[in-house]
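Both complexes shown next keep chain A, but they swap its partner, so chain B is in the first and chain C is in the second.
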Partner chain A sequence: MQFLIETLINSAMASAAAALVVVGLALIFGVMRIENFAHGELYMVGAYATWFFGTSLGLGYWAGVLGAIAVTAVIGAGMELFLFRRLRHNAMGALIITIGVLLVLQTGAGWLFGVNSNLLVDAPVSGAVVIAGVNVPWHRLVVILAAIVVLAALTVVLKTTRFGWALRAVAQDKDAASLQGISIGHISLMAMALSAALAGAAGALMAPIVRISPYMGQPVIITAFIIIILGGIGSIEGAVLAAILYSTFFTFVSTYFDSTIASIAGLCLMLVVLIVKPSGLMGKAQKV
Partner chain B sequence: MSTTTITRRTALAAAGGALSALAMPTMLRAAEKTVRVGALMPLTGDLSLWGLPARNGAEVWAARVNEAGGITVGGESYKVEVVAFDGAYIAEKTLQGARSFLDQDVKFTMIIGGDDWAAMQDFSNRNKMLTATMYVSDLNPDSTYLIAPVEVHPFYFGLGVEYLRKVEPDLKTVALCAQDDVTGRSSLAFWRAGFDAHGFEIVSDAYFDNATVDFAPVVSAMLSASPEVVCIDTTYPPVALLLVEQLFIQGFKGRILHAGFELLPDMVARTSKEFMEGSIAFFPRFDDPGIAQAAVGMSDPAGFYAAFNAAYPNQWNNTSWEFPAALEVWKQGVETAGTFEADELLASMKANTPSHIFGAARWWGKDLFGIDNALVGNWPIVEVRDGQVTIVEVGDQAAWFDTHKDKVEARFREEELMPDQQR
Partner chain C sequence: MSRSPISGPMLVALLALACLCLPLVAGDYYVSFGTEIAIMVLMLSSYRVVLLTGEWSFAHVVLQGVGAYTAAILVKDHGAPFPVSLAAGALTAAGVAGLLSFPLLKMRGFYFLMGSFAAAEAIRLLWRKFRYFGGTKGFSGISAPYLDLGGLSVDFGYPASYFYLTVVIVGLCLAILWQLEQSRLGRIWKTIEQQDLLAQSVGVDTRRYRRIAFVVSAAFAGVAGVLLAYAFGTVTPNRFNLNFALYLMIWAIVGGTRSFHGVILGGIVLMIFDESLRFAEELRSGIYGLILILVMLFWPQGLERLIRLAPGRKGAA
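On to the complex of A and B.
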């Protein structure tokens, strides 16, 4: 029973971290129709920025998190302004640009911080709390709670603010939104900054738990794409649901069997969903 | 009749040249020829944690040897030059590095071993490229020009389990984990044989994917079997740190076994001195008071350690001394053989066994790998005491293997690592 509880808690944390990453990816696909392969590297930048502001400059963990959000938001806005804006009608060009950004960010991190991945970010609250006989580190609870707060805030912004309505309108129909006076450029810029900031926040929250290296974004982006395909590309609700389902499934399989089997089983799960419901769990079928 | 005019400038230049020649140390003038040795290492990526200190260690060794007059081969003195290539532990890049070394006439190549040797074995054979690995499991009947002159990883694991049994006679159960790659599989096979040999029951035994991000589930699975000992194999340094941290958080109380504890200071910082106390590994500190008695095959190990720290402050790692130790073996070999050519050198080294860093050794490997290219000597066992590793024993790896050969073979066969199972 204790083992089961422990696995459930690990699943909850994995779900929370995955949800933060994939929501940004789904958001940017919904608004800009761009598969951002550099999203994992924005997560990596978030972790490095947390180390830089929080540990290296000694400003503390939460200042590091804010620094990570700010840095990634600026990078995201820069990507939209200087790269994607010029390729709005060239999906393949934009995709190739994201791969270029991925390589630039990876190499940049290696150049700036070195490739030795022994940079450590200490959790803001050390120690663990005992839940049903299981030691749960405080920081894992912080990650779960932070993900809930961020996702709830995102929902409120998307559903109750003018920016949120405009963003959803652009996601539904760009031309109609433009005819209503919504600035596509402005919304795209904001969406990209928001998406990157979410990845940065995820990286910042996970920094005390994972190993920080220039290559830490790679497994994350692979998992993220599996999840958004499962959830339905461009669907934020689907992405969250799929993040929970996939992460729980992966954690249980890797705990009870092993993580190699879990990786294979995760891909099989994605294939099953694509066969049974090709648009994903909450995606809408598109007419061709 | 022509006349030669000596200007003041010409006279000054001539005087300067003559003075430089006179001031040049005799040894330096003697060692005019250069021989190249190559460090084909991961200098970027996660494994640069091994590659960079290894390359740096080789540089320091070469500087010290050159300072002492270089090496003498066939009556001629040579300076040693270290060339490096970032193989990044990627097959294509490793092979590219091997080609580059061939072009530069590198006479002795050093690699970490594992996946990088798999990439270059054929190339090495075709070009008679003498190479040293840290992984004895790289040896196979076709690895003609590969030697394991220092670390015969994972053979010292048996000594560690033997030591554990001696100091903890009542412990019964152990949990094991490793990353799912060549390194993880070969070393976990040896650990299993060690635990079989010394009466431990393996209650949990699993591989994890190399892309694993969160190690909490891996540790939860191990601890669910209530082990008294946890062995985290040869997990890569950053992974070992996260595993140790999880073991601490999830309340494990017992001894931890690992190949190297490269990030021990960070482990202590994230857990506690008390938690790490008694953990067992196999790589000594070179400022350990017992190092001079243990590393008898290396001239002035403490001096080497001081020189390394002066040249590369805070970068010392286990690999910092391993590659210099391999170079010491090669130096003995070429000086005795009187040649750098691989076939003659290998024959001479087999006939006149060089000293191993930890004392007398013998060529071995035919039983398990189909080729006697491993220089098996003694190896130290270290224990974490008050937050740092301390040499507690030096054991005979070959003797341990001879006693428990059947168990090792059985475990290697399970993983399809025996020579007759190689694909």
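On to the complex of A and C.
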């Protein structure tokens, strides 16, 4: 019973972090039709930035989180300005470029901070709380709570602000939005910064829990693509739902069996969805 | 396609001469490196067959791994001779590709890319998981091929002799690939890339021809895998991970995939470039990333633009 509760809380935390990562990915696909392979590396940069601002400069954890969000947003905006903008009508080209960005960020992090350095980020709230006889470190609850707050804020922004309307309009129909006087370039820039910042925030939140390394983004992006395909490419609601379902499934299988089996099962699940229902849980029907 | 009558045969002659001379002038290290180049050239040329139909695949490196694992298991567990494991490696890789093609070829573009990744990574994790495939350590101590032609015996355990064996096999494979591309089949592949719907409307079963391309490409990847297994004597699951799939993709893009010889020369140039980066091991992948970005932005045809210009100038002189 205690083991079950512990696994459930771990699932909730994994779901929260995964949701933050995949929402950014879904957002950018919706607006720009680009699959960003470097998204996992933005998560990695977020974790490193948290360590740099929070621990190395000694500004404290929350300043580190803000720093991570700022750094990743700037990288995201830069990717749009200098790379994607030039390849607007070549989706495959943009996808290949994100692989280049992935390698550059990965190498850059290894070069700046060392490949095997053991960087530790202190959790903002130390200690643990006892829930139903299980010791739960406070930070796990902080991650879950923060993810809920960020996702709620994102929903409010997308549904109620002018920027949110414009963004959703571009996602629905680029030409029509452009005819309404919405600047595609401006919205793409903002969306890319927002998407990158969400990945950075996820990395910052997970920094005290996971081992920080230049390669930490790779399993994240693989998981993220599985979730994106389960949820339906480009659908934000579907991405969140799939993040919760898949992370819970993965956590349980890797706890009760092992993580390799969980990975194989996840990949097979993704294949099955691609074959049977490529539009995923909540995606719009798309030509495959 | 080199339409110029001089450059094609001349290129073949030059490459053959270079291969013949390499073990005579270079040390063992560089001869083994030459073997690696030859295997890489076969990988790129066979990858190009899938690219001809307009798809990018992440599965090619794992299909090479299927060939390598087949050879390793046959040699280690059953003591199979080289020709048997070579044929078995190619056939197994083609068979696996044939099976995978049923679900995968329903997809196109990004979906195909992700589907090929999922299938390939699942296979690779099975190798890591099961002891039959050697687990995370894979196989080691695969003995070199040994040929006994009634009295005349050749030991391919030396870098030079194995290099010649590899070059001959790769050369034969390239000749077959070249013939395929010149045939009706090759023209249909190119049509599918450019005008899928048009090809369908004139009665071409495009999925069938994409399947043929996928399976043929896998068979040659399997051959490359067998050659790799013997060349290193070891087979590990990490040698076929996502990074190698990304590198293959990058090299195909940077080298250029439009022409048959472009991909061969691109492969040779990039392997030599790769070797010269060995002093900066930790920066290597970042340098590739940077090159990939620059090529995509400014030079989308890749290195072969350089190569294409050369025969033209020669013709003018």
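The criterion applied here is as follows: the second predicted complex is superposed on the first by the 281 of 288 C-alpha atoms of A that agree within 3 Å, B and C clash if a C-alpha of one lies under 4 Å from a C-alpha of the other, contacts with A are read in each partner's own complex, and residues count from 1 in each chain.
Quick note on the criterion: a contact is a pair of C-beta atoms (placed from the backbone, for glycine too) under 8 Å apart; a residue touches a chain by one contact, two chains touch by 3 or more.
If you're wondering where the values come from, they're calculated on a predicted model, not measured in any experiment.
Participant: After the superposition on A, what does A:Val210 contact: first (chain B), second (chain C), both or neither?
Facilitator: A:Val210 contacts chain B only, not chain C.
Participant: Does the superposition put A:Thr155 against chain B (first), chain C (second), both, or neither?
Facilitator: It touches nothing on chain B or chain C.
Participant: Using the touch definition from the top, say if A:Leu103 reaches chain B (first), chain C (second), both or neither.
Facilitator: In the superposition, A:Leu103 contacts chain C only.
Participant: Which partner does A:Leu274 reach: the first (chain B), the second (chain C), both, or neither?
Facilitator: Touch status of A:Leu274: second partner only.
Participant: Contacts for A:Gln218 in the overlay, against chain B (first) and chain C (second): which applies, first, second, both or neither?
Facilitator: It touches chain B and chain C both.
Participant: With the two complexes superposed on chain A, say which partner A:Ser56 touches: chain B (first), chain C (second), both, or neither.
Facilitator: Touch partners of A:Ser56: none, neither chain B nor chain C.
Participant: Examine A:Leu87 and indicate which partner it touches, taking first as chain B and second as chain C; both and neither are also allowed.
Facilitator: second
Participant: Please indicate which partner A:Thr260 is in contact with in the superposed arrangement: first for chain B, second for chain C, both, or neither.
Facilitator: In the superposition, A:Thr260 touches chain B and chain C alike.
Participant: Going by the contact rule set out at the top, does A:Ala128 touch chain B (first), chain C (second), both, or neither?
Facilitator: first
Participant: Touching chain B in one complex and chain C in the other: list those residues of chain A.
Facilitator: Touching chain B in the first complex and chain C in the second, residues 110, 115, 218, 222, 260, 263 of chain A appear in both lists.
Participant: Report the residues of chain A in contact with chain C in the complex, numbered from low to high.
Facilitator: Interface residues on the chain A side: 35, 83, 86-87, 91-93, 95-97, 99-104, 106-108, 110-111, 115, 218, 222, 225-226, 229, 233, 260-261, 263-264, 267-268, 270-271, 274-275, 278, 288.
Participant: Which bits of chain C are touching chain A when the two form their complex?
Facilitator: 56, 103, 106-111, 113-115, 117-119, 121-122, 125-126, 128-129, 242, 246, 249-250, 253, 282-293, 296-297, 300
Participant: Over in the complex, which chain A residues touch chain B? Could you list them?
Facilitator: My answer: residues 3, 6-7, 10, 13-14, 17, 110, 115-118, 120, 128, 135, 137, 140, 206, 209-211, 213, 215-216, 218-220, 222, 251, 254-256, 258-260, 262-263.
Participant: Spell out the residues on chain B that touch chain A in their complex, using ranges where they run on.
Facilitator: 44-46, 48-49, 52, 180, 206-209, 211-214, 216-218, 220-221, 224, 237-239, 241-242, 249-251, 263, 266, 269-270
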